[in-house]
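Structures are listed in the sections that come next.
Each of the next two complexes has subunit A plus one more chain, namely subunit B in the first and subunit C in the second.
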Partner chain A sequence: VNQVFESVAKKYDVMNDSMTLGIHRIWKDILMHKMNPSPGTLLLDVAGGTGDIAFRFINYVRSMQERRLQRKLKNHQNLSWQEIFESYQKDKFNSLGDSQVVVCDINREMLKVGKQKAQHLGYSEGLSWVLGNAEELPFDNDKFDVYTIAFGIRNVTRIDLALQEAYRVLKPGGRFLCLEFSHVSNPLLSRLYDLYSFQVIPVLGEVIAGDWRSYQYLVESIRQFPPQEELKAMIEDAGFFKVDYENLNFGIVAIHSGFKL
Partner chain B sequence: AAVRCQHYTPLRALQASAALRRASDEHKEPLTSSSQQHFDSPPAGHQPEQEPQGPRPSYTGQGGQESEDYESEEQLQHRILTAALEFVPEHGWTAEAIAEGAKTLGLSVAAAGMFHSDGSELILHFLSECNTKLSKLLAKEQKLVQLGEAEKKPIDEFLRHAVEARLRMLIPYIEKWPQALSVLLLPRNIPSSLNLLTSMIDDIWHYAGDQSTDFNWYTRRAVLTGIYNTTELVMMQDSSPDFEDTWRFLENRVADAMTMSNTASQVQSTGEAVVQGLMGAAVTVSNAESSRAVR
Partner chain C sequence: EEEEEEWHQLYPGHIPTSPLQKALLAAGSAVMALYDPYRHDMVAVLGETTGCLALPNLRDKMKNHPEGYHILQERPRIRLSTLDMARLQGLPGGSLGREYVRFLEDNKVSPDTRMPPKFVDDEELAYVIQRYREVHDLMHTLLGMPTNMLGEVVVKWFEAVQTGLPMCVLGAAFGPVRLSTRKLQVLATELVPWAIRSGLNASCVLNVYYEQRWEQPVESLREELGIFPPP
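And then the complex of A and B:
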């Protein structure tokens, strides 16, 4: 797994865009919307290499803070200019509202790409990058509010261990969110999807990233991955409650959610 | 009254239990014991409060432990929502209020993700709690009457008292209540909110006792629903001290309803009279026509 991602790290984002025709951005946006983080949320994004989820999280939290500030100011119509100035100052330091995200990945190359992206896009605060294995996370118990793993759990050898680790590091009341390719039940769509996956994607892999094999591996790993209900059962086995999944695009992708109660 | 209490369980409780029953089928023994531990530890010094909701519908799970799990998840959600109510005046009926509520119970703010982001469950939970409180209040008063310690109120006074008591429960949240009303009108919420409303109205009529009116059951329900809804709307815009304008409005509406009931018996005879009048008019007109034609 490590080697696969070393070779794809640099072209990861480009490949994502071309394989999914850019729809992966929408999937990740939907994930963030579903999470609906409150201020002060501590997020752990596992297998989050190039930082897509992390950046979206920061954007979301920032815009919520701005909206909150606007609402507060609307209610304080008769403040003096001095008070308004001061309130802006105070909240400037709090533009993230104490929310933070830790990006954890097993692959150093992916983290490197992610850090570069962050610098390039201007994300500086509230972000940290940690090298770690999803099956054995380098964090204490009961630490995070939300744990996400977007298109990463498929690559974990022992999914049950990863789920147990997720359970361990989450605070009571914390949420587990998993965005992953899943099974399409609609037979017609399933055939089209298979056609696309096996014929088009490895070719794109060769053309864009110069790597047929990695993307062949990718498509096969998607087929081997447990379907929605099975993954739901595995998540429940790890101890999560209120486990549910939402199919996106008829099951091409599914978001599983569970709570540590 | 015991049968009636089933109405107070909001529809969402049934949905949650259905999902849970599917889930509990997959739970194994060691899992339930570990989850029990987790449930006991978080809330620091917070006693699992006695659910005020009366006889809960009993879902017999696959054994004592599973049904306890079911209760603890439902109960936990109830506790979070109850804790969230105190943050409603500040944050409105939103996921933020729920997140703050979860925080006071020692849970992560992410627990608010268990509920809809528009705060529907919070509002429905609040309505259900209000209805339960009203029911308890009316039951207590009925007991006093039965024991002879209090006078039985005439029907109009009883209705006024019941509606006022119920509407007063909105006072702490009145600023954000219009927002709640609009959320309750969402198609998704209409079955639940309608259910809660009608069970409340039923309850009030139940405790009003069988006063002899010429109304039938549907009319009585419709009349009181109308009174309640219009008074609620008036209350939203009332700025008089202690809402005295609202109570006066309520008094007038109830008086109207009483007058209506008195004339209800007359309506039938009036109806006949009207028909006869119409017939008479028709006859007169046709006579006039024919007499004109003749001339």
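And then the complex of A and C:
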């Protein structure tokens, strides 16, 4: 799997846009809305390589903070300047509201691309990059508020271990969120989806990235991944409660969610 | 079973493809090759996916010719590891071997950069296209054309006429797009007509066992094949 991602890292984003016709951006936006992080949230994004989830998290939290600030300003209209100044001192107003995201990926190349993107797009605060394995995370127990893994868990050899690790590093009350390709039950759609996956995607891989084989692997790994209910059961086995899933685009993609109590 | 075709790898590096995939690859590689001329792999892919008529034709020409037949039997490969560069350099000036080495040095190219075929579904035809690619530098030598854009286009015209490969035809037709008008003029008035005449007049260039002819003077080989002297 590692070799697949080294050759794929640089063209990852271009390929994602081409394969999904840009729709992967919407899926990731929906994930972020579902998460609805409050200020001060500590997020661990696993297999987050090129930073898509991390950047969205930062944007979301920033815009929430801006709204808070606007509301505060409205409320402060009747106060004196002295009182307003003092209230700012107290809050130590942070544009991110103390929210932070740690991006963890097993592949150095993907992290490199992510860091470059962050620099290019101007993301610096509240963001850190860690090399690590989802099956054996380099973090202490009960550390994070939210754990996400977007289009990464299907590349993990022992999914059960990754889920156990996710449980371990989450704080009590923490949330597990997984965005991944899943199974389409509708027979007609399923056939069209298969046709597109097997006929078009490797061709795109060859033409855009010069790499047929990696994208053939990608398509095959999607088919072998456990369907919605099976993944739900696996998440429950790891100890999570209130596990459910939401299908996007008829099951082409699904978001699984669970809580550590 | 979700997949339609089984994994029938006919030669190392072979990727079996359905007709739909070949069509998509042909279209995609054509667009990408025009968009990014540094994607030589796309030109190669285009050649493989569109060569289904021309390649068998070439193979048959080779089969029906004693020297070509020999080549198909022995499957020689032109690679730095198989060429005795020192010996070729020592050959007299004007000989095929000496001029070939001079060409490689002047243009700073190597025969090892040719892509191995992936999408040809017949291992003999895969060899034919491989041979065509490896012989390309010898075409440059025989035609006396450098590896700049102009030289490449001229060689493509020659190859298009000789092989009938759609990829050569497309390359010959679209290659000139990036040339200046002055060069285009030279191309249109002198070089291309000469390349076409030579291509039509010459016997099949794939039927020459070049590896056995390093000592032969280039001019003599040109005459034997029927390539007119370059302008």
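We take it that the second predicted complex is superposed on the first by the 247 of 261 C-alpha atoms of A that agree within 3 Å, B and C clash if a C-alpha of one lies under 4 Å from a C-alpha of the other, contacts with A are read in each partner's own complex, and residues count from 1 in each chain.
One rule holds in what follows: a contact is a pair of C-beta atoms (placed from the backbone, for glycine too) under 8 Å apart; a residue touches a chain by one contact, two chains touch by 3 or more.
What you are looking at is a predicted structure, and each value in this text was computed from that prediction instead of being measured.
Room for both subunit B and subunit C is found when the two structures are superposed via subunit A, with no clash between them. In the superposition on chain A, contact of A:37 is made with subunit B only, not with subunit C. In the superposed three-chain model, the partner touching more residues of subunit A is B, compared with the other of subunit B and subunit C. In the superposed model, A:223 makes contact with subunit C only, not with subunit B.
Between the C-alpha centres of subunit B and subunit C, as viewed from that of subunit A, the superposed structures give an angle of 150°, to the nearest 10.
Of the two partner chains placed around the shared chain by superposition, neither subunit B nor subunit C is touched by A:138. Of the two partner chains placed around the shared chain by superposition, neither subunit B nor subunit C is touched by A:22. By the touch criterion defined above, A:206 reaches subunit C but does not reach subunit B.
In the superposition on chain A, A:198 makes contact with subunit C only, while subunit B stays out of contact range. In the composite built from the two structures, the nearest CA pair linking subunit B and subunit C is 30 Å apart. Overlap of the subunit B and subunit C interfaces on subunit A comprises no residues.
Looking at the complex, you find that subunit B touches subunit A at residues 19, 23, 26-28, 31, 34-35, 38-39, 41-42, 72-73, 76, 95-96, 99, 102, 105-114, 117.
Residues of subunit A that touch subunit B in their complex: 34-38, 40-41, 145-146, 170-175, 233, 236-237, 239, 241-244, 257, 259-261. Residues 194, 198-200, 202-204, 206-208, 210, 212-213, 223 of subunit A touch subunit C in their complex.
The residues of subunit C lying in touch with subunit A in their complex are 2-4, 15, 18, 20-21, 24-25, 28-29, 31-32, 39, 41-42, 45, 118.
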